[in-house]
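Below you'll find a set of structures to go through.
You will see two complexes here that share subunit A, one where it goes with subunit B and one where it goes with subunit C.
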Partner chain A sequence: MIRKTIVIVNKLGMHARPATMIVKAASKYRSEFKIRKDNMEINGKSIMGVMTLAAEYGSSLELIADGVDEEYLIDEIAGLFAAKFDEE
Partner chain B sequence: MKTLKGVPVSSGITIGKVQIIARPKLKIRRKNIRQEQIETELQKFEKCLQAAINEIDQLISLSENIDNRNILNTHKMILRDPEFHKNINKMVAEDLLSLEMAIKNHFSSIIEIFNNIENEYFSQRSSDFEDVAYRLLSKILDKKNDKFAELQDDVILVTENITPSEVTRVFQKKIKALCTEKGSKNSHSSIIARSMNLPTLVSITGLTDNIKNGDDVIVDANEGVLIIKPDESTMHRFRPLWEYEKQERIKLAQLVDEDCITQDGRTINLMSNIEIPAELDQVLKIRSKGIGLFRTEFLFMGHKGLPDEDEQYEIYLHIAEKLYPHPVVIRTIDVGGDKLSQILNIEHELNPNLGTRGIRISLKHIPVFKTQIRAILRANRKGNIRIMFPMISTVGEIINIKNIVQQSRGELLEEGYEFEPDIAIGAMIEIPSAAITSDSIAEECNFLSIGTNDLVQYTLAVDRDNDTVEQYYIPHHPSVLRLIKMTAENCHQHGIKVAICGEMASEKKYIPLLVGLGIDEFSVSPGRLLMVKNEIRKCKYQDVRKMAEDILHYKTYIDVYTRITAKEC
Partner chain C sequence: MKKITVKEFFNTKKEDFLLSLVTKTHTLENSISSEYLNRPGLALAGYFERFSADRIQILGETEVSFLQSMKEEELYDRMKELLVFSIPCFIVAKGLSVPEQMEYLANEMNIAILISKMSTDKLYHALRKYLEDYFAPSKTIHGTLVDVFGVGILLTGTSGIGKSECALDLVERSHRLITDDVVKITYRDDVLIGTSTNDYGHFMEIRGVGLVDVEKMFGIQAVRIQKRIDVQIELMPWQDNMDYERIGLSDNYVDILDVQIPIIYLPVSPGKNVSVIVEVVAMNHILKIYGYDAAKTYTMRLQEDIQKKAKIRGALIDDKE
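After this line comes the complex of A and B, so read on.
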């Protein structure tokens, strides 16, 4: 299992488009994928989960992947956050 | 008074009272199920889910707006959400809830979460879940009730969104204009609205929040604005425009049965351009003397895969039979590789307009091309079909294509199909190289058709969808006019007819000039056909030919413009 903490750096936060990108990317992998924000933990392959996190600019998230391809999954997802979802 | 902006789909100005038609409420009657119903309930879930996803795919393929496509992709993802499936399975199999009840509960609880989010940017997204829930529930409840039953005559119809079949339905009632909150310029609904020629605005942001039943409004579908509760000075400004348009419409409607002939007796064949078969009703209603351009792209767009031969054959045959004895010109597929990349494995191109598009795609994918040619040949049972090829740049392509047609014809006859084997073959002239060598191309063809949209774009090196170079897009540029003239002369020298099927053919100011340049056939959108007929009937061929001869010597497009817009030609 890998855990990685990231901070949301795109101004609009994790709205519909970034949420869609995350779910789409995560769903390619076999590992389980969860996202934690404060006391809330959701399935990172579920669009309703990711959208209801309502993660705003500056909030901190913990990405948790567990499975055979966990490293690749975390790399790709962290990459999306770092690239600000191609928004700015 | 409040003014909202919208995307104009079909021009015109009208004033009237609003009737809002909302989507029907979905009532859930069956709340619980019995143990033995679990399996059928879950099978139904899969079936309806797939139907809803297919419907969204269809909308994605028809949408040219990237934001809209992104939203629809999110909707698809909501339907495929693993937590959603888990939740529904649990509610049906363990709690014995009916499928509709389970879905309602699931989405209500999500919407509840969104309603409690304080950031407005996020809480708005609950509308996505509402949309998806509605789409899925209407599949499950098999909702077919007629939301337009209460629609009155002479109103301006306001609705959130409208499907193609609903457009046909509402235009049968006598509405004055159509305004929708969603939609896009080239959706099938919009295409039909345009062929019906009634003022239509789509994609009006904030429409349903700002308007009430019975409000007085002005729809200006020329400028793309909707004015709600206009003040007296605004009314004063629009009333004469509206009156004028009403008179024009009445006048044009009387031309339905009149011939398309100039004052001095030159007959021009006036036909319709269509994009989808649903436009046929309108084509027949205005008694169009044939279809001069039947675009076949729609067959390839709304699909998971390519349409097979029989499927294409049925559609072509239907249209040919409806129009008989008038001709139907079927153009083989003309899209950029970007649109078909998923199906045909085409690589991304930096400049699709100068890349693998039109005939180049067909010649690269011969089996796909042959399927279309075979379907067209087979449909030519009464001999009124003509076949036309887009994006021809050199005569060699036509010779090549004719071999393929010849080969397909031989195969079909051998297979025992019955059809009229002689089919007229034509090339689109829309690339300057084709216009310049139109003498050689005319020698190999039975007709040529000038596609002015692309001809202008390629001659002047200007992308017509790029607003920043708008001022360079000049259909009356002397270079374009000379290419048109050259093509017409080459056709006539080879004893064949020349047609024009671009937007230029339905612009009032260009019509006399095009007649004067020797164009034999005009093919225009059904919504504009009567206007074009009216303009042609005003021309005297001797005079417009003289005007065209003069204009061909003009040096600047400004001189051309001044002459064609002058009152007397």
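After this line comes the complex of A and C, so read on.
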């Protein structure tokens, strides 16, 4: 299992479009994927789950992947956050 | 380009338009290839620029009385000029008769003159409607058309994916079948109308069972003859790498006869109740027409929530007293 904490750096936060990008990327992998914010933990492959977090600019999230391809999964998802989901 | 011979038109429609033939039968060989009509007033007066000769020429009271007012030689010369054009036929309204010379020359030049007992205006509009329908662009599509809550849903997908079974399930849920397997789509008044290609009734093939008669089995309320097509649902086997719609913010469209129809790519897997999803698609379509978009509403609320939280976070960080 890998855990990685990231901070949301795009101004608009994790709204519908970034949430879709995360879910689509994560769904390609076989590993289980969860995202944790404060005391809430959701399935990172579920669009409603990811949107439920309503994660805002500046907040931090913990990415948790567990499975054979967990490293690749975390790398790709963290990459999406770092690239600000192609936003500002 | 679609066309109909004057003979076929006359034989099939003489009762509808109260037609009778003035010229000899050999004049019926021309074909009609335009959905429009023309009142040849200016051509009769000798002005042939931009004369729409390819259309059916309608002669009303005005045209006929003009012809009658002409001197014999003048009429003869004008008719010779007019009838060299490849005109499909003339239709004279109100049961009026044309001068003998015109009839004689029309026979010579193989152009039919028909007389209708209808008034000019009625004839014009009825004929226009008939031609519009006749020449309307149409095509056939492999699919099944059902009316779900008044929304015309075209189910498509490869053979054996379960279109007929889905339609049968929908019929069981009190929806209506228009046609199974082959849908004839016609473009009419800016919408797509789907019908069956034949009038044998509402039969469908269920794999393993064979043909069933839906109307006989479920009654007249389970079927209808035609329906406007509102949404296409493409049933497809589940594919891991396919980019399925998750939120529904962006609509996909498909082009049928130059009309944009929303399309939904619906993954089908064993045990999945497709007909319930089809009902949901229909209801969501109605909601969208009434101005409510679930995806937009949800994501807007989410965005507001995120912005609010971001503001509070900012305020807390800035407050360093």
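Quick notes
Methods note: the second predicted complex is superposed on the first by the 88 of 88 C-alpha atoms of A that agree within 3 Å, B and C clash if a C-alpha of one lies under 4 Å from a C-alpha of the other, contacts with A are read in each partner's own complex, and residues count from 1 in each chain.
The definition used in the following text is that a residue touches a chain if its C-beta (ideal position, glycine included) is under 8 Å from a C-beta of that chain, and two chains touch if they have at least 3 such contacts.
Just so it is clear, the model here is predicted, and its values are computed rather than measured.
In the superposed model, A:G58 lies in contact with subunit C only, and not with subunit B.
When the two structures are aligned on the shared chain, A:I22 is found in touch with neither subunit B nor subunit C. Residue contacts after overlaying the shared chain place A:L73 against neither subunit B nor subunit C.
Contacts of A:L12 after superposition: both subunit B and subunit C are touched.
In the superposed pair of complexes, A:G49 makes contact with subunit B only, with no contact to subunit C.
Note: residues 12-13, 15-16, 19-20, 23-24, 47, 51, 54, 56 of subunit A belong to the subunit B contact set and to the subunit C contact set alike, using the contact criterion stated above.
On the side of subunit A, the complex with subunit B involves touching residues 12-13, 15-17, 19-20, 23-24, 43, 45-49, 51-52, 54, 56. Of all residues in subunit C, only 241, 243, 246-247, 249, 295, 298-299, 302-303, 305-307, 309-310, 313-314, 317 touch subunit A in the complex they form.
Against subunit C, in their complex, subunit A makes its touches with residues 11-16, 19-20, 23-24, 28, 47, 51, 54-59. Contact residues of subunit B toward subunit A in the complex are 70-71, 73-74, 77-78, 81-84, 110, 113-114, 117, 119, 121-123, 125, 128-129.
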